[in-house]
Amino acid sequence: MTDDNTPTQPTIKPRKEPAYLFSEKQVAEKSRIAHHFLDNRARLNENVDKADNFLIKRFYNLDHNTYLDGAVPAKYKELMGLVASACLRCDDCVDYHVIQSYRLGVTRAEQEDAINIALVVGGSIVIPHMRRAYELLAELYS
Amino acid sequence: MTDDNTPTQPTIKPRKEPAYLFSEKQVAEKSRIAHHFLDNRARLNENVDKADNFLIKRFYNLDHNTYLDGAVPAKYKELMGLVASACLRCDDCVDYHVIQSYRLGVTRAEQEDAINIALVVGGSIVIPHMRRAYELLAELYS
Amino acid sequence: MTDDNTPTQPTIKPRKEPAYLFSEKQVAEKSRIAHHFLDNRARLNENVDKADNFLIKRFYNLDHNTYLDGAVPAKYKELMGLVASACLRCDDCVDYHVIQSYRLGVTRAEQEDAINIALVVGGSIVIPHMRRAYELLAELYS
Amino acid sequence: MTDDNTPTQPTIKPRKEPAYLFSEKQVAEKSRIAHHFLDNRARLNENVDKADNFLIKRFYNLDHNTYLDGAVPAKYKELMGLVASACLRCDDCVDYHVIQSYRLGVTRAEQEDAINIALVVGGSIVIPHMRRAYELLAELYS
Amino acid sequence: MTDDNTPTQPTIKPRKEPAYLFSEKQVAEKSRIAHHFLDNRARLNENVDKADNFLIKRFYNLDHNTYLDGAVPAKYKELMGLVASACLRCDDCVDYHVIQSYRLGVTRAEQEDAINIALVVGGSIVIPHMRRAYELLAELYS
Amino acid sequence: MTDDNTPTQPTIKPRKEPAYLFSEKQVAEKSRIAHHFLDNRARLNENVDKADNFLIKRFYNLDHNTYLDGAVPAKYKELMGLVASACLRCDDCVDYHVIQSYRLGVTRAEQEDAINIALVVGGSIVIPHMRRAYELLAELYS
């Protein structure tokens, strides 16, 4: 959708990696669902990495930069990613952002608030995804 | 999508109205786009109100309660609404949440961070909506 | 998404045209919004017709057959088309099915019931489309 | 998407529960797919119920009220929910509304008519969901 | 969305079946994922066929005609189907078009190019589907 | 949706700019709709450029690279962008890709083939967008 003719790359401004309270490994030990999701993602990503597709790597890099600490703190960005994922009804994406939010110290009440916004914006079609998200929440915050 | 047989209504827990820095009127005076949106919405809502449809009123009430200050502050909830609206590509909804965020003191940099998340989650299909949102941002934050 | 190798065409089973209470012309005289929609559609369809695209004609024919009186009466089929259109947030499609329903004698209360289902299934993102649909309802049922 | 400042709750107008021909238990005995869906939904809903989230309960209540007998009979409302679910491509929602329609005495031909509308409105992307819905129909109407 | 009153059927213009390099059977022997998909589709389609629904047969026929060799060669049409399927996030549809493209001699690099377009248009929400598509690509092009 | 911890940027592999047969200016002189679209886009993009948002520039750059000549020729990539845009029902995106395709020498018959795929994948909800696309086609290919 763009017609930018300049192939030069804008220089990367310093952005701050957020401080995670928990590693992915710790999350996987706490929750069966998270464990299954993280394992499966790692296996599939390994295969994608092998393809070494330039544009996918660029997209992953852009995606990574989008969620760094900025004007909006990383934890709220992850919750925004959760809202978008639930609205667009992508279970894998919901799992990912619930886990990322948890790793950044987001409380269960905050996760529920975010899911409520997805529910009211996206409607009852979000309910099956909400139900599965709540199963993950129950495992993480037990 | 539910089969809840109990017609009884859960009691409303106290939720806090957020403190707006600007009224809708002040926003309309600042931005031509906001003015047009707010006027049009008021006119159309008046017509909806006349119909006095029970379920629409319930939905509006639920929607209103969802964005009140809670575990997540109202300003981040409005930004979450903005992300969802941009992802689902609804210009009216984008305008609404940009205005609400502005009224709650959200900075332009925070609005841009939220739109970036919508862009990366939703893809280039979000670009035309982002362009229109940036026009509104330019008017509000001038 | 199919791999049907037989180019033979299934014979058309007799399906019944529904009985319209009002012509498109009568609807256009009653409502300014309907008038604008019907005129615009006629003008654009004339241009599509000139292209004489085989697959578009087939799609139009299939679409036409789908809404004929069958196990489900045509009036409920139009309301189902309205629900789908509102959920998928297509203003032109909403206008079309509101008008078709009206032409088949659907009451305003029935139209509101259908829109309520779209609202609860599709969420607040449906609200702007609902507002515009209610403007058309007000003109048609005055 | 609303800015309704009144926290007062509209009083619930009497709406009629529809008369079900079959209980969920009877449906589960008839169909393996329905059994699996209903069991899974019950298990996940139990977990959601434990969270006792005010807004989810409100949404469930609103959702329940939307499908009650009204200007449009409950059976057509369930078929409208089916059309919306198939268009928005939510397998769980499709299963739910197929089952609800069956419980209300909807015939197989009526269910097929509704699915046809979803297919023509939503396109070939609906086909995989239609295929799975037909598997459920075959079990229910055998 | 159409109001075509003529039930007559446009005559089918000759369209050319594309020349497949591989049969579905050969693809199923090469890839476990393709095998699973093709088996499942065949089983479910058999059940749909039994219903002998006129409009579904018409839709399948239209769908089949759409992908025949025409102004755009069949191989690019299948890749277009792949882009649409990935954007609309339908795993079954993605599998189908990856397999069809492979059967028509599309290279892996061409498939990756198509998926990149889906990724940039559809955003990070496409990533989980892309990951699964890459698993199928790895099996087919090994 | 990714957790790539390396901030380093993959080096840009040489990709070839496609050879345009027509400039945007020439297209704008030929078609009133294209003129309006291109003018509006230029005006809105100027405003986005002023914001100098790092991630938007990165996204635009990625988007630009995606449509360059590669394993799939640029003209088919633009048609793939058209299919995705029509399926996701974004008029601005449809206009953009119809224009880009035209500038690369795509014939009207090829554009129609691409739109047919969008129509059959996306369903009747695509029709209003198809109608508007055909108006642009009529102006460009007159």
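Every chain is named by a letter (A, B, C, D, E and F) in the order it is written, and numbering of its residues begins at 1.
As a convention for this text, a contact is a pair of C-beta atoms (placed from the backbone, for glycine too) under 8 Å apart; a residue touches a chain by one contact, two chains touch by 3 or more.
Quantities reported herein were computed from a predicted structural model and do not represent experimental measurements.
Student: What chains touch subunit A and also subunit D?
Tutor: Looking at subunit D and subunit A together, the chains touching each of them are B, C, E, F.
Student: When subunit D meets its copy subunit E, do both sides use mostly the same residue numbers (more than half shared) or mostly different ones?
Tutor: different
Student: With chain centres set to the mean of the C-alpha atoms, which chain is at the far end from subunit B?
Tutor: Result for the farthest chain: E.
Student: Between subunit C and subunit D, tell me the centre distance in angstrom, where each centre is the average of that chain's C-alpha atoms.
Tutor: Their C-alpha centroids are separated by 23 Å.
Student: Could you please state the distance in Å, as a whole number, between where the Cα atoms of subunit C are centred and where those of subunit F are centred?
Tutor: Between these chains, centre-to-centre, one finds 29 Å.
Student: Got the subunit C residues that touch at least 2 other chains?
Tutor: Only 1-2, 55, 59, 62-63, 66, 81, 84-85, 87-88, 92-93, 112, 116, 119-122, 124-125, 127-128 qualify.
Student: Okay, in this complex, where on subunit A does subunit F touch?
Tutor: Residues of subunit A touching subunit F: 1-5, 7, 9-10, 12-13, 17, 24, 54-55, 57-66, 81, 85, 92-93, 96, 100.
Student: Could you pull out which subunit A residues touch subunit B in their complex?
Tutor: 1-2, 62-63, 66-67, 70-72, 76-77, 79-81, 83-85, 87-88, 93, 107, 109-110, 112-114, 116-122, 124-125, 127-128
Student: Give every residue of subunit D touching subunit A within the complex, in rising order.
Tutor: 1, 41, 44-45, 47-48, 50-51, 53, 55-56, 59, 63, 84-85, 88, 90, 92-93
Student: Going by the contact rule at the top, pick out the subunit B residues touching subunit E in the complex.
Tutor: Within the complex, subunit B contacts subunit E at residues 87, 119-126.
Student: For the complex, give me every residue of subunit F touching subunit C.
Tutor: So the residues of subunit F touching subunit C come out as 89, 112, 116, 119-121, 124-125, 127-128, 130-132, 134-135, 137-138.
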